[in-house]
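See the structures that follow.
Presented sequentially are two complexes of chain A, the first with chain B as partner and the second with chain C.
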Partner chain A sequence: MSSLRERSGAAAGLLNRLTSGTATIFALLVVVLVVITILNPTFARPASLMAFLRAAAPLVVLAIGQYLVIVSGEFDLSVGALVGAQVVFAAKMIDGDPSRTWPVLAAMLVLGAVVGLVNGLITTLLKVPSFITTLGMLLVLFGAVRLWTGGAPTGALADNFRTWGRGGIDMPVLRQLPWALVIAVVIAIAVGLLMRAPWGRTLVATGDNDTAASFAGVRVWRVRTVAFVLSGVLATVAAILIGGFAGVTAQVGDGLEFVAITAVVLGGVVLGGGRGSMIAAIAGALAYQAIERLFTQLALPSTARPTLQGIIIIAAVAWAAREGSRGPGAANTPAPDASADPAPA
Partner chain B sequence: MSTSTGPIAQVRERFDLSTTAIIWLAFLLTLVVGVVLVGSGGGNLLSQGNIVNLLSRTSVLGFIAIGQTLVILCRSLDLSVGYTAALASIVGATLMDGDPGRIVLGVVAALAVSAVVGLVNGLVITGLRVNPFIATLGMGLIIKGYLDTRYAGPVGDVPVAFQGFGYTRIGPVPLATIVMLAVAAAAVVLLNRTRSGHAMYAVGGNVEAARLSGIRTGRTMVLAHVLCSTAAGLAGLLLASRFSTGVGAQIYGAGYDLDSIAAVVLGGTLLMGGRGGVGGTVAGVLILATLDTVFNLLQVDPFFRDVLRGVIIIAAVALYARRQLDLTAHRQRFTASGRPIGASEGEHLSGPSDPPESSPPSGPSSNPEVLA
Partner chain C sequence: MKLTRTLVASAAVTSLVLVGCSTDTPDDPEASVTATEDAATETTSEMATETTSEMASESAGASETSTEGAGDSEFFVQADYDRQLAQRDIAPEGDDATPWLQAIEPEMADTSEFAADGDGQTLCFSNASISNPWRVTGWITMQQQVQVYEEQGIIGDFQVADAGDDDNKQISDIQSFIDSGDCNALIISPSTTATLTPAVEAACDSGIPVIVFDRGVNTDCMVTFIHPIGGYAYGADGAEFLVDNLEPGSTVLALRILPGVDVLEHRWGAAQQIFGDSELEVLGNEFTGGDAAQIKDIVTQYLQRGPVDGIWMDAGDGAVAAIEAYEDLGMDYPVFVGEDEMSFLRKWDETGMTAIAPVYSNFQWRTPIEAAVRIWNGEEVPSEWVLPQVPIEEDQLQEFLELNSEMPSLHYAKFGGEDLPGYPDAWTDR
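For the complex of A and B:
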């Protein structure tokens, strides 16, 4: 008897997990990929899968960085402008000369870390809400880069820079294993290990309840600042991949912050912090990219895409937020309690 | 972090008044510095033309920021305001279609469509429990897709009579600015004198305490969103009257969403909700408009303007934060003294309410069946 009950309890637990916010995103990802494959069987070929993953890699890297910041209870709205600034910076500094690529890559990573450090310190030490800090940083980066280049990007990226975004290792079956994918996987593994390490635990604890975390001995400001620094560095990596893949334009990076946040939230990561896994954030990024791919497959007019995107985003988050699918602490966001209207007297 | 809660409540009461005053002082300071800077370059910031220019800049962002204040006070936010304004401008302009007799129809329809957008935003946030950031971002995308697909370029025709809304002036003051100030006054009355307004502060301060005090938190949130979108619709109508036609991309691409949030926060309203007011927001909008006008007159590079804006917004909020370190900590479930932060949130409700100790917002999902 008791074992039966236990088993049914376990089954219920499994069911609960399968329908939870995290599982939703994997289901969505699989469904979208299957639909694309049905519409276009060649999509399942290794070569086109690799092409898909190469295009998705920058967003995956951005989503990992955004995940770190969001799970700690903050926002980073500056990543789009940072990506744009970095690509333009790289083009101007390299100016087509391959010998300058490595020093410039190093400078970009330092710049990304500094931007993250400034974001983090202003947010934690000066107590400016991160929404405002990173919004201000967005304006500063956007303006500074255009001020510096006089409006339009100048210079060019060298081929040995662009290879990170568009090149790869030649292979028999896959034809080519994209560097972008390799980099994304390495970063995912590294950050995954970091999230399992004490620092990752304290990061999530900080996002869940920073006062409790600080009572438990966490130096909240340091943990969050490191998260911002990592976000800046990862946005830089994404910039390197995007610059290589797509080249330099004035619009590069525009609106990318919202895409990254959307990907993370699609993955069931709760805005407000303390909840959600990195793997799910990555799945969110892949699902976002897959949905875009599906729109291309359906030959939808590009103007109509935002509408569908908006509906899918809201529906996915509403599905993940429906009664009972989120753990305690989900109420960090203002929305959940609002529905609990007291019955009219 | 203070250890006692009683005196803090009183200090806060006084602090509220002085915050708005400080922001108006900051505006005056900006104005004086602007006059000096422009004057040193041989110009006059206070000439009639420049004042008209400055005030014209305030009205569009003013409408949007007033609405944004209401939702931010409820601890929500609206990223769809720019798209709502664009939608309203197109609805208004296409319905008016150059016929002065249909101005009322166009205005009413545009505002009604905007209100519906707000209603959907509010219901998605409260009913489906989607985070406001995502709900309104998604709504913005939905409207953007619709506008881009249906209307590639400018459409509709605004009758000359209605273009007066954008261009009429009474002395140096544009009519639109007067309407904006009237809307601001109405919002002040709403927030300070009505039950719904007090409920907005309560919901933003601590939604669980508000609910336990008998406030219909969901309705309050929906109302705030409806009013916010309607205000954005007004901004859209004003833009339609200035462009004399309905436009999409030019409006939603102008960044009113983030600008309005910046103006609200510059005006001393806490992004975490429950604290602030429309008076500060108007001052925040005036500060931004003054900066823009001064930069324009000094022919500052527009990109440098962005940089300065970013720095000023961060610096201003950092200054406010200095003054209210313990008040920004709204997300905490208990303070350093171990008392729930909600215990000092009650003063916005009328009377000496002392919210229950159980204020940690644990949310609906904390019901035991789920945890089991």
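For the complex of A and C:
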């Protein structure tokens, strides 16, 4: 009786927290964009906005991939190293020859899926915590690239490869609609539909409570492995966009995993899984990029920026959590009980 | 309760914002110290490894003095700055065809105590890392140079330990070279200055001839310390070019890799001096981690705010991305300071822009091998072997492009290995 009551209370609290967390990130995003526009009205010009979205698109794609993994209760720390490895791989394979672009793109997607599959299978079947699995994968990929290139990537990306990250559809007003934005929007819609489909609900349920989900007939290992595969594929897409945007350097992809996780958490997605919306994760990615822009607009000394960035991120997440804990009933306390309940059963 | 919490939080944020704002003046010594510390803590560990090594790879000279004299700013030492700028105008001794054997104002040191009879010497090399393209290029050149002396029978064995940018690993590498007793000479390319000093001193005490190159250490116990002129000269070459080629009142953006690395701070310190005395307006100095995507994004943002007439970089990595930002916005090219990296030289040639390529002489990787052979012969070597460091200007661009036409894009034009065995395959197939 009472347990049932608590659960419905928990559900309401969860809903409340979910929406308020989401509201925080959108509010943050809007505030930052408005401040930038006040400081520099040219930012609101369509061409400038397009440039902003073009630069943000790879992070949006990465954040979507990371969201899938985090909402299922895991982490993917390997995405930054995967982006780096993919760009270096593409440059070496294409070596400036446009005719090789399409086969190499296909090979990259396969490689990304394989990396995700390995991450997923090791995590689910061998029961290695994903934090360790993907940290290991990060090192493996990083080391493999070093070994292969000796620290200096060679080759070059052909122009028809780079156009995905650099080019766009010329049009009036916007000047150019970046391909990167188109790709990010298509992916967001596809994953959004997927999350509304039964698989998406299963994924969230798995992240919320995998024991309960498995009792409900979910093949937990398969759902999570698919999430890792999708993360690997989306990291590959991000690599295509990043490589296209800026070309090859030895540093490409460095630290991106933390940026992606930060973006997702900013969006109110709870580490440990089970709650959070994809749209909010995307808003988190955009907010992260926008905060960086804001600092440039304010002409803050670059040495002080990371500190402020850290404070804003912590403050935003703390604010979202505070909003949640004010909800009807003590929504916070029953939640762990509810998840712990089925274990002894 | 709730109110208190909010108040405390906002007070904390406000104070930090104020701290942030107070660091605005780069000339203020206290402020710059705080700023550097902030940034140092923030850099993610990976980024630090990658980029520190990148930067640290190209080292400053004369570190004995530079790390100690913290007068005005933590890193800027007026005497070193003046000396390096003057050294650019001194004709080096030796043949221009072999710049890696030239030396600026050498003071010769007697090495007769190390004279070795017979061939088949064992040469040991403790390398900081090969974690960036500049070091990779130099490392290939060094191996090819060793091959020359192996074929002549002078070097019997070349033992190498790569520390992977880890100070502790390098200290133990050096110690195990000393303990093995195999080395007839030890070459050290230190990963950091202060930390490696005791290890180098220990190597000197063991009685084997020690050769230090690239970054320095705080001792002069080694037989010779080999380095190009240094970071101040590098930074000044580019800054002076911008001052000469831009109208007064023009705007300049400085792109830097990361703060707190002495070699990079020297480059930027020199540029700041020169910009300060000019009528150019420095719009900002941004840290990019050497990441092309960040560079392109930052340049794009600045261009959306207003015109940027010149770009100064403390290292040429990602220079092409900065140039592309102008292309993608349909803007005229800026006056540009890059580096002698092939991707930049090729882009420079394609676009016909006004540019200069400061050089941190990569051919210095040959010199330690030559020095070891001279030491074994009992010949004198300069105790501080200052190699020439001459930027590539427009009139030499074609020459270097042709010389390096087969080389990959992350290769450094002044690598100085054209006459070595294995040229060009050793450098093209990496």
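Here is the rule we use: the second predicted complex is superposed on the first by the 303 of 345 C-alpha atoms of A that agree within 3 Å, B and C clash if a C-alpha of one lies under 4 Å from a C-alpha of the other, contacts with A are read in each partner's own complex, and residues count from 1 in each chain.
Here, a residue touches a chain if its C-beta (ideal position, glycine included) is under 8 Å from a C-beta of that chain, and two chains touch if they have at least 3 such contacts.
None of the values given here were measured: they were computed from a predicted structure.
Asks: Thinking of the overlay built on chain A, is A:Gly155 touched by chain B (first), by chain C (second), by both, or by neither?
Replies: Touch partner of A:Gly155: chain C, not chain B.
Asks: For A:Ala318, decide between first (touching chain B), second (touching chain C), both and neither.
Replies: both
Asks: On the A-aligned overlay, A:Ala304 touches which partner chain: chain B = first, chain C = second, or both, or neither?
Replies: both
Asks: Given the touch rule stated above, what does A:Thr296 touch, chain B (first), chain C (second), both, or neither?
Replies: second
Asks: Counting only touches as set out at the top, which of chain B and chain C does A:Ile261 meet: first, second, both, neither?
Replies: Once the two structures are laid over each other on A, A:Ile261 reaches chain B alone.
Asks: Which chain makes contact with more of the residues of chain A, chain B or else chain C?
Replies: Per-residue touch count on chain A favours B.
Asks: Name the contact category of A:Ala55: first (chain B only), second (chain C only), both, or neither.
Replies: After superposing on A, A:Ala55 lies in contact with chain C but is clear of chain B.
Asks: Which of the two partners, first being chain B and second being chain C, lies in contact with A:Ala250: first, second, both, or neither?
Replies: second
Asks: Which partner chains sit in contact with A:Arg166 here, chain B, chain C, both or neither? Use first/second/both/neither.
Replies: The answer is second: A:Arg166 touches chain C but not chain B.
Asks: Could you pull out which residues of chain A sit against chain B in one structure and against chain C in the other?
Replies: Touching chain B in the first complex and chain C in the second, residues 146, 151, 258, 301, 303-308, 310-311, 318, 322 of chain A appear in both lists.
Asks: Can you name the residues of chain A that touch chain C in the complex?
Replies: Against chain C, the touching part of chain A is residues 40, 42-43, 48, 51, 55, 58, 80, 146, 149-156, 166, 242, 245-252, 254-255, 258, 293, 296-297, 299-308, 310-311, 315, 318, 322.
Asks: Please output the residues of chain A touching chain B within their complex, sorted ascending.
Replies: 9, 16, 73, 122, 126-129, 131-133, 135-140, 142-144, 146-147, 151, 209-212, 258, 261-262, 265, 270-272, 301, 303-311, 313-314, 317-318, 321-342, 345
Asks: Once bound in the complex, which stretches of chain B touch chain A?
Replies: Per the touch definition, chain B meets chain A at residues 74-76, 124-135, 137-142, 144-146, 148-149, 152, 203-204, 207-208, 211, 214, 216-219, 221, 258, 261-262, 265, 271-273, 301-311, 313-314, 317-318, 321-322, 325, 328-329, 331-336, 361-367, 369-372.
Asks: Along chain C, where are the residues that touch chain A in the complex?
Replies: 2, 5, 9, 12-13, 16-17, 19-21, 23-24, 26, 35-36, 38-39, 42-44, 46-47, 50-51, 54, 129-133, 135-137, 259, 283-287, 289-293, 295-298, 300-302, 304-305, 317-318, 320-321, 324, 328-329, 343, 408-411, 430
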